[in-house]
Structures are given as structure tokens and as C-alpha cells.
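Note that the chains are named A, B, C, D and E in the order they appear, and that numbering of residues resets to 1 at the start of each chain.
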Amino acid sequence: MAGAARPEPVGHEGGVPLAYYAAPGRPLERCATREEIVRRLRSGRGQLWVDIDSRSDAEWSLLEDPFGFHPLAIEDTRSPESRVKVEEYQDYLFIVARSVRFAMWTPAPYDIALFNTYLFLGRNYLVTVRGEESPAVVAVVARLEGAPELMSRGVDHVAYMLLDALVDSYFPLLDEIDTFVDELETAIFREPGADTMERIFALKRSLLSLRRHLAPMREVTATLANRPSTYLTPDTQVYFRDVHDHVVRQVESVETFRDMVSAAMEAYLTTVSNRTNEVIKALSVIATVVLPPTLVASIYGMNFGWMPGLHHPLGFWLALASMVAISGAFLLYLWWKGWL
Amino acid sequence: MAGAARPEPVGHEGGVPLAYYAAPGRPLERCATREEIVRRLRSGRGQLWVDIDSRSDAEWSLLEDPFGFHPLAIEDTRSPESRVKVEEYQDYLFIVARSVRFAMWTPAPYDIALFNTYLFLGRNYLVTVRGEESPAVVAVVARLEGAPELMSRGVDHVAYMLLDALVDSYFPLLDEIDTFVDELETAIFREPGADTMERIFALKRSLLSLRRHLAPMREVTATLANRPSTYLTPDTQVYFRDVHDHVVRQVESVETFRDMVSAAMEAYLTTVSNRTNEVIKALSVIATVVLPPTLVASIYGMNFGWMPGLHHPLGFWLALASMVAISGAFLLYLWWKGWL
Amino acid sequence: MAGAARPEPVGHEGGVPLAYYAAPGRPLERCATREEIVRRLRSGRGQLWVDIDSRSDAEWSLLEDPFGFHPLAIEDTRSPESRVKVEEYQDYLFIVARSVRFAMWTPAPYDIALFNTYLFLGRNYLVTVRGEESPAVVAVVARLEGAPELMSRGVDHVAYMLLDALVDSYFPLLDEIDTFVDELETAIFREPGADTMERIFALKRSLLSLRRHLAPMREVTATLANRPSTYLTPDTQVYFRDVHDHVVRQVESVETFRDMVSAAMEAYLTTVSNRTNEVIKALSVIATVVLPPTLVASIYGMNFGWMPGLHHPLGFWLALASMVAISGAFLLYLWWKGWL
Amino acid sequence: MAGAARPEPVGHEGGVPLAYYAAPGRPLERCATREEIVRRLRSGRGQLWVDIDSRSDAEWSLLEDPFGFHPLAIEDTRSPESRVKVEEYQDYLFIVARSVRFAMWTPAPYDIALFNTYLFLGRNYLVTVRGEESPAVVAVVARLEGAPELMSRGVDHVAYMLLDALVDSYFPLLDEIDTFVDELETAIFREPGADTMERIFALKRSLLSLRRHLAPMREVTATLANRPSTYLTPDTQVYFRDVHDHVVRQVESVETFRDMVSAAMEAYLTTVSNRTNEVIKALSVIATVVLPPTLVASIYGMNFGWMPGLHHPLGFWLALASMVAISGAFLLYLWWKGWL
Amino acid sequence: MAGAARPEPVGHEGGVPLAYYAAPGRPLERCATREEIVRRLRSGRGQLWVDIDSRSDAEWSLLEDPFGFHPLAIEDTRSPESRVKVEEYQDYLFIVARSVRFAMWTPAPYDIALFNTYLFLGRNYLVTVRGEESPAVVAVVARLEGAPELMSRGVDHVAYMLLDALVDSYFPLLDEIDTFVDELETAIFREPGADTMERIFALKRSLLSLRRHLAPMREVTATLANRPSTYLTPDTQVYFRDVHDHVVRQVESVETFRDMVSAAMEAYLTTVSNRTNEVIKALSVIATVVLPPTLVASIYGMNFGWMPGLHHPLGFWLALASMVAISGAFLLYLWWKGWL
């Protein structure tokens, strides 16, 4: 029914959010109307997952009624800058997760676009809120449609599947960066272009931004994996450990990339200095070899009536020989100093 | 009654601070005299908020009597350098909060002016002290006048509204800095002015100063949000979590900006080195191409009676050809070295 | 039966993993068939070690049946990127350890190849999983064949012997790096080659990668050595302290190497700048000594009918003397400035 | 009786340390003889403060008898390098505090001279030991003489007054450094002297030294303010919180100064590179504009009988025009490259 | 009997380690044979100190029998790379301490040679093991022979005396480094030799190595001073606090030295850049002043029949005046730019 490439929204017609309900011993069913969602929620039995697109005011209003979440949490779901976190309210956990938008690095190679997904996890319901199409939600829907029995593990397992998909969105980006960092070495030591420094700097910026977004994700997954909670069964927490492992590996990658980019910056500066040194050495060699003979030639270009050897038949050759001798002496000296 | 743009002080005539009182089941009323404030305070019922301008000695003296706060705390309210902190005294919490003054970055772009607000939070009263006009106080007064029922949530909720407004004063400054950091990249790689380094350095100074002031704010809000306290209801602490989120995001922004400015400094140094390298390369090319032919010309300018080819009809052209040949050989060599 | 240099797999024919079993008071015996392994495991007595090569699907399937490990843990054993960790499941510890592959730094000197070994440690069994030939397993098999009584100390002691061998694989690499860092000093200050910076950078990359892999190993061994566990006897934990000591020393070495490589990078940059300074000084000396006399000579090369001393008998010598005087004056000045 | 400017020691004649005693309900009295001190101490009542100058062996011997402090603590009072700390012994607290000597930055601007003060705080006595004149002791004596009732708050309050005075000795130094850091910006970007780098380096050294001495002071004051102790009343601990605030602010200042000096060092390096770039650009412009015409002139200075235009009436002007054209072309090129 | 300067081993003939025994109320006696040591140990009374030279297999074998220490601990005593640590075994503490070998910095000034001392501290015995002559052991023997009653304080006090002597071995080295760091400033800003950078780098290496060895010593002494232990009386722990103080001061010194050396490296780089800037400025001044007049002279050296002023009587002087004017104009310009 839903595939990763499908662009149009899943469900969500007429202010009715996508909603799945699983009662014990009954097949997974899809709730088609708001009334059905409210009824299922109020029954207090079974497992209910509601996915709300916050761009639709009709859907968004469900957060206040019938769910009645805290005003501050509801406010957070509309602010794209909400901090990544887990907060415990009286009847539910509130989770803000951040992920990378699909196909985001096409125009500006290392510019990162991020978006938030919000989860309200109660005892028998999960409400997810997002402000744009979410490939992660599409993927979870596809898995649920294919294996409806997953829902009976509880809504916390659905939350796990969603966070797992969100976190995995970082891997392609990190692989991209890994490739670029590998290219950097060639760029620096073999064929530095005019924009090498600019690209290093742009990469550093992206890594700083990435770290800033990933670091709190690590705390969120650590909390979900380790802290005992009414809303998470120990079985599901084992799965969250897996998500936490992924985030930890991502954070470590970013840290290592940062250190490598810093080292690359330093190496580039040193390489430039090295090249300047070479150029200036070449300039010095030219000057040392050419200027002294020019002085000798200028001397013999003076208009004095008499200069030593001026009228000697071999005068020209002797002057030339002295020029060669002087240049040769300087060349020897430079060779001895190790500049050649 | 009071708007964000209003410049004259709110109330505060004749040594009477601005004071609001809300008894249970009664409308919000404003206390007009010192006596009324004292009476309301001594009644031990209801919620009292007193806002003191510490520039007025008459108002300031209220801190000693009737409130009887600790001498050290009172001393702190007059020192512009008091450390940002939360301290628990026997009957009240003492909070020192720091915020950014409105319209402060006009003259020197990144010079930060800060000022303190002091809060004494007792069981049924809140005393706020400040040394200048405070847009945050004005904003809270406006909200209270508009929605008097907010006062009945308790004075700790008023403290929340005030701290929220104080903390939000940092956001415009951070946006300003964000814009500038974006401009930096162009400045460094495209059109560096003579003062680029100076501006980077000034920005770094401001960020260091900002971090120094924000970091303790984070501890203050964490304490208010998380540590159980007699003076804060759990309901209000949920709101303080929101303030804490804002401060944490601000601190993270400042840290990221600092890392980016450091990277920019390094990138700028490398760019300058790169440019020096280019200039010196150009100089070397000129010297290499011009000096050797000059030597040849000088040789033929010597006044020897005989020099090879001097009297040959094509002598001049042969000499010129040798000059071109020498320069060409050097140019070929430079091209082969990759300097052209 | 097995030696450190032996290249072919130990046992592992026909989907039967290598397995050893020791019952109390009975000699160590090798299980030849899957059925025997299952029987020994189900008996619940004695100590069973099963070594699985995950490239063989037949062997790998044992993890699911009869062992019945958690799906996530089984998945980890086939992902080369699993995070290094210790996880406690209901009936066993799951350990992911990372080590360095033997003879790995031959082609690219400081490129590090790593591989994982997975351990499932239950009360009376140890299952080890790996995706390639493991010198550590070969070494432990050799020790067990030589001293069968080691098995009776419990499977946790076998786990210790294995981790000890895995951790020791880092030492030759660190020694190699140590030697190179010693050579660096000479390379930087005595005879810097064109690729010195490139080698420093490559080393820095390797150290960053090494640190990233070793740091979690330290946490793993700390957990095994210090945290009380149902699967580890206090006697064995004393031995794990020894493994932990090794990892801590390795991590410290890597940190020190990193600091030294950073210092070397900085020192190299300064050395290059120093050399540029010397070259430019030499160029300046040449220019200062040669250019002014050239000007004098050019002046006397002008074609005016009268120039001072032009027709004087000693004119040439006077001109020459003035050139020498000017150069001498400049040389004296340079000597006084300390440039000679 | 004693003023801040008074240079001669307060009391301390004939091996009798300065000592004050306050019995409950009795005026503050000064103990004139060793015997009186011993008697007051042995009485076990009232509050006794003894100030010992460790340069006097007679006074110093009191530490052993009658006080009987631990040999290691006594040893510490004579070692100028004792570590700043609080140590709890069986009957007293032993505090080592470090402060800045008055008027210390006159000769070498940022060279810091420090000295230790030692406090033994028992239940009803305070012994202070120091190796030179202490303005802090002088100030506390002045306050006690002026307000004898302060003594009746307990000797722990006297300890507070002393530590407060010691800690405040850092503020003038930090203000001095603040002024200098402000001057740095001008120094770096406007009018760098030959010694700018030297002064930055000297400042960095002083800040490193300052941090090393202040950091343990922060731990000392934190301990005194927060850890419950038999020797400190809760009332006094509120006052120690104030001292702790001061030290925390000082440590933060030092950290900020260090970051700013590091940024200044980097900025200075970049500025120097920038200036080198400008100079080398100017050199290149000169060389580019002057050398090619010189080549042309040299060519026409050759002694060939025939050269193109040599005998033309406008030959000279044509040659000059070609020189101007060549220089002009190069200037255009440089202008196009943005070097002018 | 034993002095600090005595080079030959103390005792240790024929495989008998140095051993001292003190029974309650009896004088200190020296055990002359292995049998006596074993008898004293087995008596379970009194205090026994045995000092073993691990180069002697006969002495070393005592660790296994009669002491029966853990094989891993015994193994550690022969590995020069054992990690510095305190480990608690069932009947004793095992301490690995590292110190600096006497007279070690003579040949290569900042090359540090370290060696380990191992202590087994039981309830009534202390066994010390070392692989070379130990000035610390010699010093402790001298103190014990001089004041035998020290032994009756318990073997933990002997352990204190030994660790105190070991730790103090770092102080002369740190003083040496302190002197060198002071010299650095002069070296960098006044008279930099060709090897200044090399010496800074060597010092940095030594400091890195020193830190790596001292940091775990700090943990060891903190454990001994603060953690309650069966093998240490509270009285002795007060003394270990003193040792801990020394190590903390040493670690702080090393950290400060590292920061200062880093600052020195940076300052040196900037100084070199500054000097390059000066040299290049001088070169530019020479070129600017000399090259343009040379062009003028070359022009008048052309062989055209007519050039302006060529036949004028004052032609030469006019040409010379134009040269001086051009040079003067450039000089004025340079002076205005602030380069002179």
C-alpha cells in the first residue's frame, strides 16, 4: 500500500489523521473517522497509533481534544526549533526527535536540512506529529501493513520502529561525508584547487551543525533504552538499545570527522607554507645566479675610457668567464646549503 | 495600560513600588501605598508581587523592612556584578538572572550590554528588583493586566513569566550573530576587507562574554525546573522546563558559533597564506622571465671592441632570439612545475 | 594440534563449529557433531565452548537454535560495524570486542584494518562468533589443548583468555607507531622530505581511527573487571583487571601519540616558516649587495658626454671603489641588524 | 588603632602573637602575654583568635604547644608551596588560602607574587599563620576594633572576614588585566609595537599561573560554603557562599581572559601574515612595473651597429612609448587581479 | 650504615632480601636468612618489611613462597610497563608506583627515565619489589636505622615513607623544567638559535610523557589517602594526604608547563612570521629605492643619437636629480605607509 518512493500523503483526508488500532485477539484495523479515533482512545483497551500532520489545523486540534496534552508540549510541535528531548508528563512521555530530510544534500553539497518528529507515548496510545512528509512514517506504515502482528507488541514497539527509521536517515549523509574526507587528502597534497579551503570550511560548518543536532539525540535514546518507564516494556527497551547504538556510532563518526577536518585544515596551511617556501627558494636561486653577472656586465658597460681588459683581445671572454665563475660560486654555495 | 515601547517607568511614584495582589476568589488589585503592601504581605494570604526599582532608595529600603531579606542578598541587588545563581534562604529563594538590554548592539555591533534582575520568591510573595527599566517587567505587567487570572496560579508562575521574558531577550542577539557568521564565509573567501580579521576578533570576544553570562543561567533554570522546592509547584516547574530548553538552545548556539568563528579564523589565516603564495609566484614568474634577458642585453652593452656577433648584420636579431629562447625555456620550466 | 602460524581453519567442517566440553572430573573432550553440542548444552552441566564462523550459515544458525539468542544480538554478529559493548540479556552476557587483524599494516603503513569478535557468555557455555580466521581463537585452542585443566576454571576464564589475546593484538601496532613518532623528530628538524606532512597527516588519521575503536574497548573491560555479574566469578574478574590494564595503557599511548603528532604538526609549520625566513633573508642580502652597485654602474653607462670622473685616469677605479663602499655599508648594516 | 597603610607589624612584640578574646557577655579583650593566651584557650569558653607570624620562632612554637596541631600541618605553614586546601583533623579544620601581595605588579607588569595564609579553625579558637605582613589581617583587626561585637558571632565569622579580604585581593589585579586586554585590540590591529607579542605571551603566562592558584581556592570556598561541618555554623556558611561567589567570578574572568588572549595571539599571527602579504604585493608591483622597461632600455643599450629604430629621429620616443605600454599593460593586469 | 650516596646494594647477599622485623616492645632487628624471614612472617605477630630485588631470582621466588601472592601481581613486578595502580587482593593491597631515576637528565636534557616500585601491603608485612637500585629504599633504610621506633607505627607507615621518597624524586626534574621554561622567553624573543624549536618540541615530548606517568600516581595516592582500608590506619592516611598533595602539585605544574610550552610554540611561530615580515619589508625598500633610478640610468644608456638633455651641459646632473627625485618620492610614500 505504501512504498518509500511514494510522494503523496498517507491517508490524512479531511482532517482525519492516519490511525491504526489493534485490540487484543483482533486484526489490525484502520480508523477512518475522528469519531472512531476518539472512541478507540476512550475505550482504554487495545493499542492506538495516530499520526498527525501538523500542517492541518483540523488534525492538529486533536492534540488538545480528545488527547488533552500539555499546552507547552503542543506549542513545541509547531516550533521547528524545539529542543530534542524526552520529557515525562503525568500520563505520557513526550519525545522530540530530529532527523535529516531525504535527498537534502543535492543543491549545496554539505548543507544539512533537518526536521522534527514529535511522539506522545501513553500507556495504550502513540501520537506522532510532524510538519512534512516523513519517509520514516511511510516505512513504518508499510511494515505494519505487511506484518500487522507487530502492533500487538504494543505502541512502544511502534515508537521504536519510527525512531529507528528516523535515526537511520543520518547514515547516508555520514557515508557521503566519509567519501569526501577521503578525497580531502588527495585534494590537499596532490592537486589543491582554489576552493579547497572553502570546501573544508563548508564541511566543518556542516559537521558542527550535525553534532549539535545529534548530541541530544544520543541523550534521548539513552533515556529510552536505560531508564525504567511506565510507558516502555523491558522487551522494547532492548530494541531501543539498538537505536542508541546507532546514534552513538553516528556521534563518534561526527567527532572523528571533525578531528580529521581540523587536521586537514592544519595540514593544508602547512602545505601552503611549504609551497611558498619552494617558490621563494626558486626566486632566490634565479636572483642569485643572474644579478651578480648583470653587475659585472654593467660595470663593463660604463663609458670610462679605460677599464681593465677592455682593449685586451680576449677581454670579452675573460669578462664572461668571471660572470660564469661568480654564478658558479653562488650555485655551489646554494647547493651546499641544500637549496637545490 | 503598558506596552513594550513605553519608555516611562510603570508606577513607582513617590517611593511606592509597583505591586499587585490577588486574594483567592477576588479580582487582581494594585497596591497604591507602602502601607497597603505591608498589610497585604503581613496578612499571609493571597499572592503578592512587588517590583522594586533599586535606583530609588525609598523602594529599595523595603527589602530590609518589611521583607527582612538577608543582608548579603540585599547587597547583591545593588552590585551589577553579582553572580547569576539560585540560593535557598530560610524563607525564600533568591534568584539572580542576567539578560541583554534592548537595542544594545546599535553603536558597536557586537558589544553586549547586560543587566541583572533579582527575584525573591517566598511562599506567597514575589519581589523583583532591577536597576533600570526592564522590558520584561513591562511585558509581564501587560499580560497580567490583560489576563488577571494568571496571578491566581501563584507568584511562582509570575516568576516564570518574568524569567521567560528575560531569557527571550537573547534570541534577537543570537539571530544577529547568526546572520553575521553567514556573511563571514563570503567575507573570507570572496572579498576580504582590511578589517575582516578585526571583526572576527570582535565577534569572538562577544561570544566569549555571552557564554560567560549564559552558562550560569543554564544552571539556574535547570535548578528551577528540576529540583523539588517549597516555593515552586510541580505545575510551574513544567513551565520552567520550557525556559530551561530555551537557555540550553542558546548555550548550544553560542558554542556552535564559537567553533565556527575559530574555524573562520583558521580559514582566514590559510587564505591569506594562499594569497601570499600566489603573489610571490607571480613575482617569481616576472623575475624569471625578465632578469635573464636583461643579463644578455647588459652583456651586449659592454664596451668591448669585439663581442661575438657584434658586427654581424643579424647580430641584434640573434641576441634578441637568444633572449626570447632563454625566457621561453624558463617559462616552459615554470609551466612544467605547475606555477602558471 | 594448532599453532599461531597455522592458516587453515581449526575444525569447522560440514557446518560443525569447533566445540569443547569439560564435565566436572572428566577430561576435556571435543564435540564432533551438532547433535553432541546440543546434547551437552541441554545437559546443563559442565562447561561448553562453541566457536562459530559466521561465514558458514550452517554454523551461524546454531545461534538461533538451540541457543535462542536475541534477534538483535544475532543481527549484530553479522554487521562489521556493530558497536563495541557489553550487554546483559536475560540468560547471558553479549560482548562485542574489536581487534586488529594480523599483518595488517604491510601495504599502506598506517592504515588500520579491524574486525569484531562476538561473545555470548552464559552460566555454563561460551559462544564465540567471528567472520574471519582469528589468531586469538587459534591461540586459545592451543593453550586449551596444552593445558585442558584451564577449561575447568569455567567458561568465563576462556572468555578472559580470548579477550586477552584480542587486546594484545594492538601492541605490535602501537610499537610500530612509537618507532615512527621517534623518527618524526629527525624528519622534521633534519631532513624533511616532500611527503613529511603527508605522512604526519596519515598517522594522525590512523590514530583518530584507533582511538575511536579502543575507547569503547576500555569501557567493555572496565565493566567485565568491576561490575558484579552472574556470569563472571570474582576469581576471573581479577584476570579481567589485567586485560583492562592493557587496554588503559593502550588508550593512554594513543592519546600521547596524538598529542605528539599535533605538536609535530605545529613544529613542522614553524620549521617551514623558519626556513622561508632564512631563504628570504639570503635573497635580501644578495639584492642589497648587488643592486646598488648595479645602479652606480648603470649611471656611468649613460651616454652623457660629461660625467664626473669619466675622463679621469683613475675614474674606473674610483667608480668601483664607490660601488664597494656602498655594498660594504649595506653589509655592515645587515650585520648590525643580525641578519648575517 | 590599625590602618590599611600602616607598615609596621600589628602587635607581635617579644614572641607574643596578636590575640583577641571574647567571653560571652564580656567586652572584647586583647591578650598581652603567652600565658594569657594559653589560659584563655584552656578555659574552653569564649572565642579566641590568635594571629601568628611564622617568621618568629617564638610565636610559631605555639602551634605545637599549647595547640598541639598535627606535625604535617605545622610543617605546611612554613612551606611557601603548600597546596591550597581544606583538611579536617580530629579537633580542627586546617585551611590553606592563597592571595596576591599588595602592590605586586609595579616592577614587571604581569608578574604575580603570591603568599599563603594558614587557618586552624577549632570549636572556640581560630589560629591564623602567615609569613609576611598581611593587609587582610590588618583590615580584620581594624574591623574588630571598630565593631567588637563581630567577635561574638564566633571565630568562624572571623575566618570568613579574613578569607573575604584575602579573596578580594585578586580583584585589582583582574581589573588591571581587563584594561590591558582592552588595549590589546588596539595594539594588534592599529599600532603593533615590536614587543606586542612579548606582552601577550607574558600576560598568558600570568593568567596560567593565576588560574593554577585560583582553581583550588574555588574548591576550598565551595567546601566551606556547602559541606556541613562542626566548626562552621549554618549562619556563617551563608557568608562563605558570598566568598565562594567572588572566587567563582574570578575564576570565570581568568578563563575568559585566557580565551581572549589565545584569540588575540591567533589574530596577531593572521595580522602579521596579512601585512607580509601587503608588503610582498607592493614589492611585486614595483618589480612588475620597473623590470620590463629596464629590459627594453638594456636592449637599446646594446652596442650593435644597427637596431630597429636606432637611427630613426623619433627612435627614443618610440622606445620610451613601448616601455610605458609594457608597464601599463602589467599595471592593467594587476588591477584586474585586484592587487592595486 | 646506609647513606644516600652509597652505590652498592643494601644487603641482598646470597638471595636473602633486605628484611626488618619489629615485635611489640622489642628493638628493631634485621633478618639475616630466608628461614628467619619465613619464621617471622608465619608468627603472625610484629611488623615485617622485606625489600626484594627482582633481578635476583632467588629473592623473587619469595613472592610465590612463602608469600603466595597472585600470579598476575607477581607477573606485574617483572614487567617495566605495568600500569601504576592500587589493587585490592584478598589479603593485601598491591601498589605499583612509578618514579624518576636519579641523575637521569644528564646526557639528553629532557629525556625521562622512569622505573617502577611494587608494594605488597598486608596486615603485618610490607614487601617492596624493584628492578634496580632505589635511592628511596636507601633513604628509608637510613631513616629506620636512625629512628627504629618508626617501624612500630606499622608497616603502612613504612609504605608511606617509601612512597613519599618516590614522589619527591619528581621535584628536581620539575625545577629543571621550570628553569628552562623561564629561559624560553629570552630564547624566543631575544636570541633564537637554530635549535630553539627543536628544544621546545623535545620539552613538549617530555612533558607529555611525564603527565602520562604522573596522572595515575595521583589516583593511587588519592586512593591511599581517602578510601578506608583494612591495611591502612587512619593515622597513616593523614600522612598519605601529604603525599597526595605533592603529587597534585606536580601534576598541576606539568599541566601549567604544557600550556606554557604550547603558548611558547605559538609565540615562536608568530615571532618568526614577524621577522619574515621585517626582512621582506627591508627587501622591498631596497628594491623600491634602487630599481627605478636604475631604469632611468638604463634609459640614458640607450644608444639613440638623440635623447632629451643628452647633449645639455647639465644633462648628467639633471638625470641624476630625476633619479633622486623618484627615489625620494618612493621613500616618502613608504614612510607614509609606515614601513620605515
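The criterion applied here is as follows: a residue touches a chain if its C-beta (ideal position, glycine included) is under 8 Å from a C-beta of that chain, and two chains touch if they have at least 3 such contacts.
This one's a predicted model, so the numbers in the text were calculated from it and none came from an experiment.
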Fewest hops from subunit B to subunit C - one hop per pair of touching chains: 2
Rounded Å distance, subunit A centre to subunit B centre (Cα mean): 26
Centroid spacing, where centroids are CA-atom means, of subunit B and subunit E in whole angstrom: 42
Multi-partner residues of subunit D (each touching 2 or more other chains): 266, 269, 273, 276, 280, 283, 287, 291, 294, 298, 301-303, 307
Chain contact graph, described as a line, ring, star, complete graph or other shape: ring
Chain order around the ring, beginning at subunit D and proceeding next to subunit E: D, E, C, A, B
Touching residues on subunit A, where the partner in the complex is subunit C: 185, 188-189, 238-239, 241-242, 245, 248-249, 252, 255-256, 259-260, 263-264, 266-267, 269-271, 273-274, 276-277, 280-281, 283-284, 287-288, 291-292, 294-295, 298-299, 301-308, 339
Residues of subunit C touching subunit A in the complex: 70, 72, 81-83, 85, 87, 89, 195, 197-198, 200-202, 204-205, 208-209, 212, 265-266, 268-269, 272-273, 275-276, 279-280, 282-283, 286-287, 290-291, 293-294, 297-298, 300-303, 307, 310-311, 313, 315-316, 319-320, 323
